[in-house]
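You will see two complexes here that share chain A, one where it goes with chain B and one where it goes with chain C.
Up next is the complex of A and B:
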C-alpha cells in the first residue's frame, strides 16, 4: 500500500467520523433517538443497515481510489485485454446476495412485528387541511373515558401503553409521523389504517404531516404527549369537566368574549355544552363552511401548547423550551399547567402565554398560515373555505375573545 | 437494415408506384441542405440528436434555476423568498422539468445520435417518426411551461397524488397543463422507443451480433423497452386524471366509491421503471468511457449486459416500495421490500465491474473519464442509501424526508447527470469536430462533483434528523443544538447548489469557447474502441461511406491493435492508425446510398397536439382546430412521396457513379422507410 493510499484511507475515515460527529444534537425529530418500543424496533433494524452500507461503500471507494493511484497512465505498456474472470464475477454476485439475505430476514420480521394491532388504548386520528383531530373513547391504559374527548394537534397518551391509532382523512392524503415513537402511516380518505405508538417516559414527542397535502403542508404539525398514569387520569378528568365550571362570570371581559365567540366563531368551532342566552345549545356546523367539514374543537383550547395545525406556540419561547427539555419526572405537572406554568396563583395573566401569537391569529389567520379562504376564490367549493378565514375582528373583539379563550382550560 | 423491397427491381419501368408524387403538387419533400429549413424539416438522426440535446440543455438550465430558488428559500429558517404557493409550483416544476424535459430527452439525444452509428446503420428505422418525437418533446415542454404565465404552474408535486390533484384541491389550470403536457412528451417517448428498438433489432451492421453490441446500445435497448411498457401506464393514469378534472369523471373520488391509492399504483408502476429509464443511459455511457480511457475492455461485458437486462425486468416488481407508508398490509410490504433488495444485486454487479475495468488499466484522466469515475462514486452512495430504505420499517422513518431527497439526487444527478456529462465530453469531438477545453472541463467536473456532495450529502443528515421534504419553511425550533445543527446543514446544501450551478455555467462557457475556436479535433482523439469512431468528425450525412463488417466487440480497437506473443508474454501492439482504418474502410464505398428525404409533416403534426391541449383547458373550439391540423398533417404524412424527385434539387445532384456489380449483379440499395 502506497503512502498516498494510506493517506486517502485515513481521509475517508476522517470524513466518516466528521459525518457522524456532524449531526445536530437534540434535534426534536431525530429518527435515531427512539423513545418507545416501536421506534426501537425500527432503530434496531436501521442502525446496522447504515453500518453495513457504510462498510460496503468504504470497500468500493478504497478499490476505486487504489486503482486511480496505482494504474494512472505513467507510460506503462498497454494493459492485457482481459474480458473478465467468471469466478470473480460469480463471487461478486453471491456476496451482495448473501448480505441482502442477512438484511432481508430481520426486515420481514420487523414488518410483521410492527403490523401487530395489539392495543390497550384506541384513538381515532383524522387528518384534514391542515391539522389533526383526535377522538378518544372507551378505556385508555386503564383510564375510563366516560364521554368522547375530541381534541387536536397534541395527542395525549399514557406512558408504557400500547396505543393504537386508527387513522383516516377527511380530504386529501396526509401522513402521521412521530419519529421518536414510530414510522409514518398515511391518512387516506376512505380508508382506516392503524399505527401503534408507545412511549417509555413522560415527555413531548414532536412530528409533522409528511405526505404533501397542499398549500400549508409545511404548517401541519403534531405532537404526542406522554403522561404517567396519574397525570393522564388528571388530563382526562380535566377534559371531561363540565362547561359550567369554566363558564365566564357575568359582566367580565370573558363573558363578552363568549358572546363574540358565539357570533363569530361557533359556526365552525365547537365548545362543548356552550349554550345561548335562551338556553339552546350552540352547535357548530363546520360542514357548511369548511371543505373538510371539520374545525378544531376549542372546549379545552388552553390545555394545548400550540394552535394553527400545532404550528404556532401558545407558550412563550422560554416556557416552550422549559417544557420540551423538562425531565420525565417534572414534565407531567408542567404540561398540565400549560400556559399557567411558572405563574403565581393570584396573578391575573399567565406568564407563559404568548398572547401576541394568538392575537395575530385572530386578527388575520391566512396571513400567518396560507390557506384558501379568500371569498373571491371559492367558486369551485361553493363558498366553503380550506383553512380559517380572516374574520375582520376589531381589537376590542380580539381582547374579549382572548379573555374568553384563556378560560377554555 | 430496412430495404424497401418495392424499389429494388433493376429496371425502373418495373418499379411500382408506392406513393403519389409531384403530380399532387403540394405534396413534395423539402430538399434544402442548408439554412433553417435543413433543421426544421430534417429527419437526419444526427441533426435531431443535436436538437434534442440543445433543447434538453435549455430545460436543464431552467430546472436548475428552479432548484436554486428552492435552495435560496431553504437557506434560512422561516424564509420568505418564495410564498407557499409558489414554492409548491417550484418543486413540482423542478422535478417535472429535470425528469421529463432534461434527463429523458438528453438520453434520447445520445440514443438518436449514437445508436445508429454504434450499430453501423445509416439512420434510424423510421426517420420521420424520429423528427415527430423531437417536435412533440419540444412543443410539450413549451406547453407545460406556458402554465407559469397562464394562471399558475402545477402545484401537486411531480407524483401528483390524488385527491390533492383534483380540481377541488388544485383549482388553477396548472395540473391540466401537467397532465396534457406530459401526455404530449409521452407520445414523443413512445414513438422514439419503437423507432430505436426496431433500429437496434433490424439495422445492425453485418457481423454485429447482439453480444458484440456496445454496452451503450444495449442499455439504450433496455431503456427503450422500459419506455415502451411504462409510458402506456402513465398515459392511462394521465387520461384518468384529465377526465376527472375536465369532464367530471370520478376515478379517484372517494365520495363516489373510488380509491385514491389507484393513482399511486398506476403512477409508481410507471414511476419506478422510469428511474431506470433515467439511469441506464448513463450506465451505458460510462461503460463506453471507462474502457476507452482504461485502455482495456469492459470487465465482465456479459455480466454488465445481463445485469442491465435484469434491472429492466426486476424494475417492474418494486413499485410499491414508494408506498410503504400508505398502508398496503404487511404481506405486500414484505414482498416489495425483498424484491427491492433483489434489484441491488445486478446494480452491485455493475459497480464491481466498472471498478474492475479500472483495475490493471492504463488510466487516462480526461474530463470524460473524471465524470465517469465520479458517476461510479456518487451512484454507489445513492445505491447504498437506497438499500437503507429497501428495509420497509426503516423506510417508514425515512420516506418523505430529506434522506430520500439525498438518495435520489445521488442516483439521478450523481449517477445519471454526471454520466451524461461524461458522454458530452467524450462524444463532443465526434458531434462537432472540436474537442471541449480540458482545462475548463476539469473545473467543470470538480465543481459539479464537490457541489453534488455539498448539496446532497448534508441532506442525509437533515432527513435522518427529521426534516421532511416539500416544506416551504423549516422552523428554527426543530434544528437542534450544536454547531452542526440542521440550520448549518441547510446552509451548506444551499452553498452546494450554487457550486453545481457554477460548474454548469463553466460547461456553457466551454461550449461557446469551443464553438469559436478553429482547431479541429483529431480523427480518433481518445483512441476509442467502437464503430461510431470509424467515420469522420462529424460524420457525413450517410454516416459511413462503407458499412463496416464487424468481427468482434470493440471492433475499431481490434482493427488498430493486435496481440503479439513476445518473450515477456502477450503484448498489445499497434498495427494501424485510425487514419489507416478509415482509409481501408472507405477504399470501397457503398454505391447508391439512399437516405430518407426531409419532410414537412412531423413538425406540423406535432404542432397540432398543444393546440388541442390548449383547447381542452380554455375552449374546445381550439381543440377542433387542432384536430383539423392533425388530420391534415396525417394526410400529408401519408401522401407525400417517399423521396424527393431528383429534379427537385437545385442544383440537381451529380449522377450517381455506376453501381459496382455484386456477385448476383444487382446494385446495392439502402433506403429507409420513413
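Up next is the complex of A and C:
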C-alpha cells in the first residue's frame, strides 16, 4: 500500500467517523425530535433551512472538488487570468441575498411566535452553580397552587399546557435548554428572561446547561417531566402535603435522621414545616454558606429521579429504564411513585432506590461532582462554598439520613 | 570629563537616590519598602550605565583621542533655548499648589514634572550628539516620538471625549437628541464631500477639524463649568436618613448616582403601576390579569419598574424584610413624576418565613397602596 493510498484511507476514515458521530440510538437531546409545539415551530423552520443549506453546501463542495481535480497542477501552462465579471458578481450577490430574505421572513415569524407570552402556568427558574431551582405559585394548567412549591432538577409540568418559564441566575450566566420542548435561553444574573415550554404527552425530556458556568458545568443537567392533568394535580397535592403527614415516627432511624438533618444539613437545605424540638421552625440560611445563596429544597426529595444537578440517579438502572421507556399512559403513575416504584406497600425499603449513589453523595459529594468547597481555599468567598462540601458524616449518620430522606416523598 | 550620555545617567542616578530617600521617609510598610528597594536598584543600574558611557566615551569617539572632550560635537553648547526648564518649574509649582489643594492637581503636576525632566534630558543629550542639527533633531524624535505620540493622542482623544460628555450631560435630553443628529449629519456630509472630491484641500479639512476641536473643547469647558443637568437617579438606600425618606415619602432625591442599571430595565420581574385612584398593581409577564402579589426567587438580584400614573410625584418603596441580626432592608425609587417611570433593583436573601416584618412594595403616604412579595 503506497503512502498516498494510506493517506487517502486515513482521510476517508476520519471523514466517515465525523459523519457517523452524528448518529446515535439513544439521544434524548436530539434537536430534530420535537415533542411540543414550540420545539415543532423551531423544527419546521430549521429542517427546510438545513436542506437548503445542505444543498448549497453540496454544490459548493462539488464545485471545489471539481476545480481541484480538473485543474490540479500537472505542469500545464498557466491558464488565462481574468479579473472581474460584473454580471457574475451581481448574480452571486443577488442569489444569496434572495436566499437570506427567503430565510429571514419565516425566521422572524417564528421568533415572534416563540416570544408569545400567553401561558397557563408560570414557573420561576433560577440557575446557580450547578443546578436549577423551580418555584411555582398561582395556578398551573388549571391546578391551583395554594402555597409556593420549590423543587429542583426536574421541572414538572402538565401536558398540552403552555408553561412560561421566568429564568434568572443567582451567580454566573447559565443557559436553560430542553431540546425536545424549545430552544435555549440564557439565565443572566439581574435579568429575568422568559421561555415557553409545552409538551404533547407525558414523559421525561432532558436537557443540559449550555453556557459554560464553571467547574461542574458538564454536570449541570435538567429535565422537564410532563404529566397529564390528573397526574399533575396529584403531584401538586403531594408537594403541598403537610410535613406532619410524612414526619418520622418517634424512636426510629428516620427520627434520628431528622435530628442529624437539622444538625448537619438544614443550615443550607430547607425541608418545609420542619421544626426543632422547641417548636421553632427550621429555616435554612444558604445565603450564609453558599456563594449562590441557595441549596436544593429537600421537602419532597424522593419524588425526584436524580440528585446533584440531576446528574446522579436516585432510581436503579432497571427502574430508570422502566420509567424512561414507559408508555405515555403509564408514565404518570410510575413517576409519581418515585423511588417507591414497584415496591409493595408494606415493604421497608423501596426496590427502585439507588441507595449506593445517595450514600456516596452523602459521604463525599465533591468526589462525585467537583466543586469549590475545600475550606482551605475559600478566602475569596468569605468561607462560602460553590457546591456541597464534604460534611465528613460517619456511616451511622449516613444511615440515619437515608432513612429520613426516604420519607421525603 | 563627563560625556553627554553619562551626564544623563548621572542625573538619573541622583534623581533615583533623592526619590528613594524621600519615598523611604514618607512611606512605610511593605509598599514603601518595595518601592525604595526598586528606586535604589534603579540608582545602581543608572550608575552602572553612566560608568559604561564614560568608559566608551558614548561609543561615538575614540576614547584615546586627546582633547576630544573639548572638540567633539557632543561637547558643543546647546543650539537653542529649551522650554522644558520652564515647564518643569511649572510642574514644581503645581506640586506645591496640589499639596495644599486638590490631589488631582498634585498628580497632574507630578506627571508634568516627570515629562519635562525626561524631555529635557533627552533633548539636551541629543543636541550634543553631533554637529548636525538635523541629525540631532531626528535622533531626539526617534527616541521620544514613540512615547510622545501615543500620550498626546490619548490626551487629545480624551479631551474631545470628555468635552463631548460634558456637553451631553449639561444639555437637556431633547437638546441632546438634536445635538447628536446635527453632529452625525455634519460628519456624514463632510465625509461625503471629502470622498466625492468636492473638497480636496488637506489644509481646508485640517482647518475645519481644528476649528471643530477647538469649538468642542470650548463648549465642553463651558458645559463643565455650568454643571450637569438634574438627572433622575436610580435608587440605593444606604443610610438611615434615606431609609426614612423611603418610608415616609417626600420629593428629595435618594441617590445621586447615574443610571447604571439602565440595561436591566428590559428584563424585570414585573412592571408596577400606581393608578390614579391610588391603587398599586403589578403586571407580570405570562399572567393575563393584573396581579396584587409578586413571587420572586430567593437571593437573586432582580428588579421592577415603577410607573407613576397618578397626578403627584410618588416613589415606590420596597420593604425587603428584617432578618436575624440585621435591620429592616428598605429601598426605594426616587420621587417619580407623573407619567414617568423608574427602576428598582433588589435581592432578598431569605424566605418570607425568616423575616419579622412584611415583605412588600408600598407607596409611602398612600394607604392601601401595597403589593405583598412572596419569597418561597
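Just so we're on the same page, the second predicted complex is superposed on the first by the 366 of 409 C-alpha atoms of A that agree within 3 Å, B and C clash if a C-alpha of one lies under 4 Å from a C-alpha of the other, contacts with A are read in each partner's own complex, and residues count from 1 in each chain.
Heads up, the rule we're going with is that a contact is a pair of C-beta atoms (placed from the backbone, for glycine too) under 8 Å apart; a residue touches a chain by one contact, two chains touch by 3 or more.
Everything quoted here is computed from the prediction, not taken from an experiment.
Enquirer: Looking at A:394, would you say it contacts chain B, chain C, both, or neither? Reply first, second, both or neither.
Expert: neither
Enquirer: Which partner chains sit in contact with A:41 here, chain B, chain C, both or neither? Use first/second/both/neither.
Expert: first
Enquirer: Does chain C touch more residues of chain A than chain B does, or is it the other way round?
Expert: When the residues of chain A touched by each partner are counted, B comes out ahead.
Enquirer: One more residue to check, A:193. First (chain B), second (chain C), both or neither?
Expert: both
Enquirer: Contact-wise, after the overlay, does A:117 reach chain B, chain C, both or neither (first, second, both, neither)?
Expert: second
Enquirer: Using the superposition on A, tell me which residues of chain A are in contact with chain B and, in the other complex, with chain C.
Expert: Dual-contact residues (chain A): 188-191, 193.
Enquirer: Residues of chain C touching chain A in their complex?
Expert: Residues 264, 266-269, 284-288, 295-303, 345, 349-351, 353-354, 374, 376 of chain C touch chain A in their complex.
Enquirer: Inside the complex, what are the residues of chain A that reach chain C?
Expert: Interface residues on chain A, with respect to chain C: 117-119, 122, 124, 126, 133, 135, 137-138, 148-150, 164, 166, 168-170, 188-194, 270, 281, 283, 285-287, 292-294.
Enquirer: Given the complex with chain B, which residues does chain A contribute to the contact?
Expert: 19, 21-32, 39, 41-42, 45-46, 49-50, 52-54, 56-57, 60-61, 63-64, 67-68, 71-73, 76-84, 88-89, 92-93, 96-97, 100, 103-104, 106-108, 110-112, 114-115, 129, 171-173, 175, 177, 179, 182-186, 188-191, 193, 206, 208, 210-219, 291, 311, 317, 320, 370, 372, 377, 380-381, 386
Enquirer: Under the definition above, what is the set of chain B residues touching chain A in their complex?
Expert: For chain B paired with chain A, touching residues are 83-85, 88, 155-157, 161, 163-164, 167-171, 254, 259-261, 294-303, 325-327, 329-330, 333-334, 337-338, 341-342, 344-345, 348-349, 351-353, 355-356, 358-365, 373, 376-377, 380-381, 384-385, 387-388, 390-401, 457, 460-461, 464-475, 477-482, 484-486, 488-489, 553, 561, 563, 570-572.
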